[in-house]
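Below are two complexes that have subunit A in common, paired first with subunit B and then with subunit C.
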Partner chain A sequence: MTAVVEARGLTKRYKNVTAVDHVDLTIEENTIYGLLGRNGAGKTTLMQLLTGQEFAGSGSIRVFGEDPVENARVLSRISFIKESQKYPEDFTARHVLRSAPWFFPEWDAEFADRLVADFRLPLKTRIKKLSRGQLSAIGVITGLASRAPLTFFDEPYLGLDAVARQIFYDRLLEDYAEHPRTVVLSTHLIDEVGDLLEHVIVIDDGAIVIDQDAESLRGSASTIAGTAAAVDAFTAGREVLHSERLGGLATATVGRLSAAERAEASAAGLEVGPVSLQQLVVRTTAGSVPAATSADASTSFDKEQSA
Partner chain B sequence: MDDSRPIFVQIAELIENDILAGTLPEESQVPSTNEFAAFHRINPATAGKGVNLLVDEGILYKRRGIGMFVATGARERLVSKRREQFQTQYVRPLVTEAAKLGISGAALVDMIREENDA
Partner chain C sequence: MTSYSPPATATAAGIADAPHRSHRILAVSRLQLSNRMSVFGVPWMILGFIFLVNLVIWWIIYQSVADPADRTDALEGLQYSGASFYFFVYMLVLGVLSMAQYFPLALGLSATRREFWFGTSLVFVLLSVLYGVGFTVLATIERATEGWGFGGRMFTVVYFGGWDAPWYTRLLLFTSAFLFFFFVGAAIATIYQRWRVNGMLAFFATLGVVLVGAAVLITLGSGWPAVGAWFASTGAAGVVAWGLIPTAVAAVVGYLVLRRATPRG
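After this line comes the complex of A and B, so read on.
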């Protein structure tokens, strides 16, 4: 594998906030990454640094082996689709798609036309008259049809309905299969994109807390549920990521379980369940949230039981 | 895809099921990794890992430049593999659940016989 992005000790401070804090990161070519984290965790700042749109306070960045800042050789190979892309006054979607080939050498106009039909994007309406979802569709179409070797999607689907999001995922997968490239998808809809990702990066408070293959991450935790006594007996001596109680019942999220350990848990009358990528990320990054009251704990317990 | 097991293992099992059911006969071509990925909406690398699992087991084989095919004798080998797992995967949970409900061994045997004759 060849590294497309290499960042070492990358740090960015704004006044009294450290948005990106000593980040070491390697992004390999031809892989779909998920960049996950809470609002304000530093996702957008990190992407702005990697695409040369912000200056780093300290640390080094290499994209395609070079410094990306004001470097046309590097920037022509990057497509960065932002949540709040601004377009010139009086631009229509047609103007955007006509000018895109000037910036993206790999631009596929035919593919863009097909996407316009898929998303039912009106081409002649002025952009400021478009709905939030249609505005997002312009970004998604630009990001896909640019076929840039390094494509960033930063929350690309604000206002897109469920059908349109599914079209986005399907077209991304199809086109990625035919034209492999590096895609970094920053999103809060973790459960929706979980299966598309090959590698997961979780950023919290400016620092990277998870940087792992999606497949190994998925199996890295299990939930066990049963009587509090049985759960306590099973979790004794194990690391517990999260636990909740409701009267005499308990659930606990524990690390990876072997087949033998699963059998042992079932024999002890415990239900063993999976932990979704979303739950795992929530549990890794929810540290600063105040402890739930007992009423809250029981509701989330119910939810997990019925899930 | 459910979450309980790695996705590539689930992909491998789906292909195995199609071979067992005869949907994918021996020496027939299986869909490409990209087709599996698009159909199940998963990462192509994950789909490839599932297919490779079956290649390693000799269930599928690669014809250079053409694609993946079901090996001769694959079905028979899958049947014997699944038979070995039948007791732990199906019979054991059945007996455990029956015990939990106070269904006696004899009553359980009767129920199985009844289903089998139906």
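After this line comes the complex of A and C, so read on.
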């Protein structure tokens, strides 16, 4: 594996917030990363730092072995698609897709045309008159067709409907298989992209709290479900990440279970299941919300999600 | 930056072939010109409109004064016409828009700030020469037709060399004036890109204080006649040549301000 991004002690402070706080990060070549975290956790700032758009307060960044700031050699290999991208007042999608190839050497015009048809993007309408979803489609198409060796998608699909999002996931995977590259996808829709991600980075309050490959992360916790008595017996002495109760039945989320432990749980009449990525991230980044172990756990969990 | 040397593996993914620098600067220039209507169409439409309005005014004057001596007098008076000023103001606006609208897009397309500034400056020079040539041609026609047949003056005004200036003086004056408005507009817009609203407030407050302060000092020192004399002795060509200094300052300062700016959503 080869590192395309290496950050050490990376810190960025604004007036009264530390948006990125002593981050050490390595991003490997030809992998799809999920950069997850709550609003204001520092995802966008981190990506702006890695793409030379924002200036680090302290620490070092190496992208393709060099400092990305004002570095054409590095930037010509990066595509950074952000939800907040602004376009000139009188621009149409056609203007954007015509100029993008001048900047991205790997641009595939045919692929772009196909994506335009997939997303049903009107090319001749002024961008300011497009819907939020169509605006997002311009970014998604630019990011995919640019085939940059390092592509960042920052919340790329605000307003895209479920069908369009599925098209995005499908095209991304297809094209990634043919043209391997490094993709960093920042999103709130964790469960939707769960299967896509090969590596998960969770940032909270400017610090990285999870940096793990998706496979082992998924196995790092399990849910067990059964009668309250059996669940209580099994979880006694274990760390419980979360539990819920409904009448005589209960579920609990516990840490990694060995094969023997799984067998033990099954023998006790308990059902063992995986924990979704989203649940894991919510548990890790719930922050001020008290650990959900009480009977009203499910309600506090809902609050976290809607927060 | 702390001292940190990337591991050997990182260089393996490093970059073998550097992109051609001038190629990416030209890409920014093309981007700035991608909407041809606002760059080439709208300015001439504005000019055409101003011209038509002025043509009507000239015609009214021409109809109301019949005496050849009075008509010569009117021609004299029109040498102070500021009709074309709006066109230059539009260039200032284009300078502002080229920053405000294209800087976030260019960085979104992975251009560096340096590439953006050089590519944009190239467009300013190109457009200034283009419009400079256009205005010079119009000035020549204006003179040849004795003021479009009605003794009107818009391009042979005193600020750009007057009635008898040779074509190359006109071309130089027009081009320099366009450069001034482009770069000053762009430089002011970089302040917004870097420091947002607070930067704009601070800039215009400072500008106001400086201008009023200068006026007060000149008035206190009874220096207005000297100022007038300087403009008279320097002449239009001289004033525009001096004007290249603020243009150059705007170009350099604009770049320095933009170099640390981050496009915001």
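The working rule: the second predicted complex is superposed on the first by the 282 of 307 C-alpha atoms of A that agree within 3 Å, B and C clash if a C-alpha of one lies under 4 Å from a C-alpha of the other, contacts with A are read in each partner's own complex, and residues count from 1 in each chain.
Going forward, a contact is a pair of C-beta atoms (placed from the backbone, for glycine too) under 8 Å apart; a residue touches a chain by one contact, two chains touch by 3 or more.
All figures in this text were calculated on a predicted structure; none of them were measured in a lab.
After superposition onto subunit A, the modelled positions of subunit B and subunit C are compatible, with room for both. In the superposed pair of complexes, A:198 makes contact with subunit B only, with no contact to subunit C. In the superposition on chain A, contact of A:111 is made with neither subunit B nor subunit C. Of the two partner chains placed around the shared chain by superposition, subunit C is the only one that A:72 touches, whereas subunit B remains out of contact.
By the touch criterion defined above, A:273 lies against subunit B but remains apart from subunit C after alignment on the C-alpha atoms of chain A. Between subunit B and subunit C, it is C that contacts the larger number of residues in subunit A.
Contact with subunit B, but none with subunit C, is seen for A:177 once the two complexes are overlaid on the shared chain.
Touch criterion met: A:169 reaches subunit B, while subunit C stays clear of it. For the pair subunit B and subunit C, the model built by superposing on chain A gives 19 Å as the shortest CA-CA distance.
Residues 31-32, 169-170, 173-174, 176-178, 195-198, 214-215, 218-219, 266, 273-276 of subunit A are the ones that touch subunit B when the two sit in their complex. On subunit C, the positions that touch subunit A within their shared complex are 1-2, 4, 6-7, 9-15, 18-19, 21, 24, 26-27, 30-31, 34-35, 37-38, 97, 101-102, 104-105, 107-115, 259-260, 262-265. Those residues of subunit B that touch subunit A in the complex are listed here as 1-8, 34, 37-38, 40-46, 49, 96.
For subunit A in complex with subunit C, the residues that touch the partner chain are 1-4, 6, 8-9, 29, 48, 51-56, 58-60, 62, 64-67, 70-91, 95-96, 98-100, 102-105, 142, 148.
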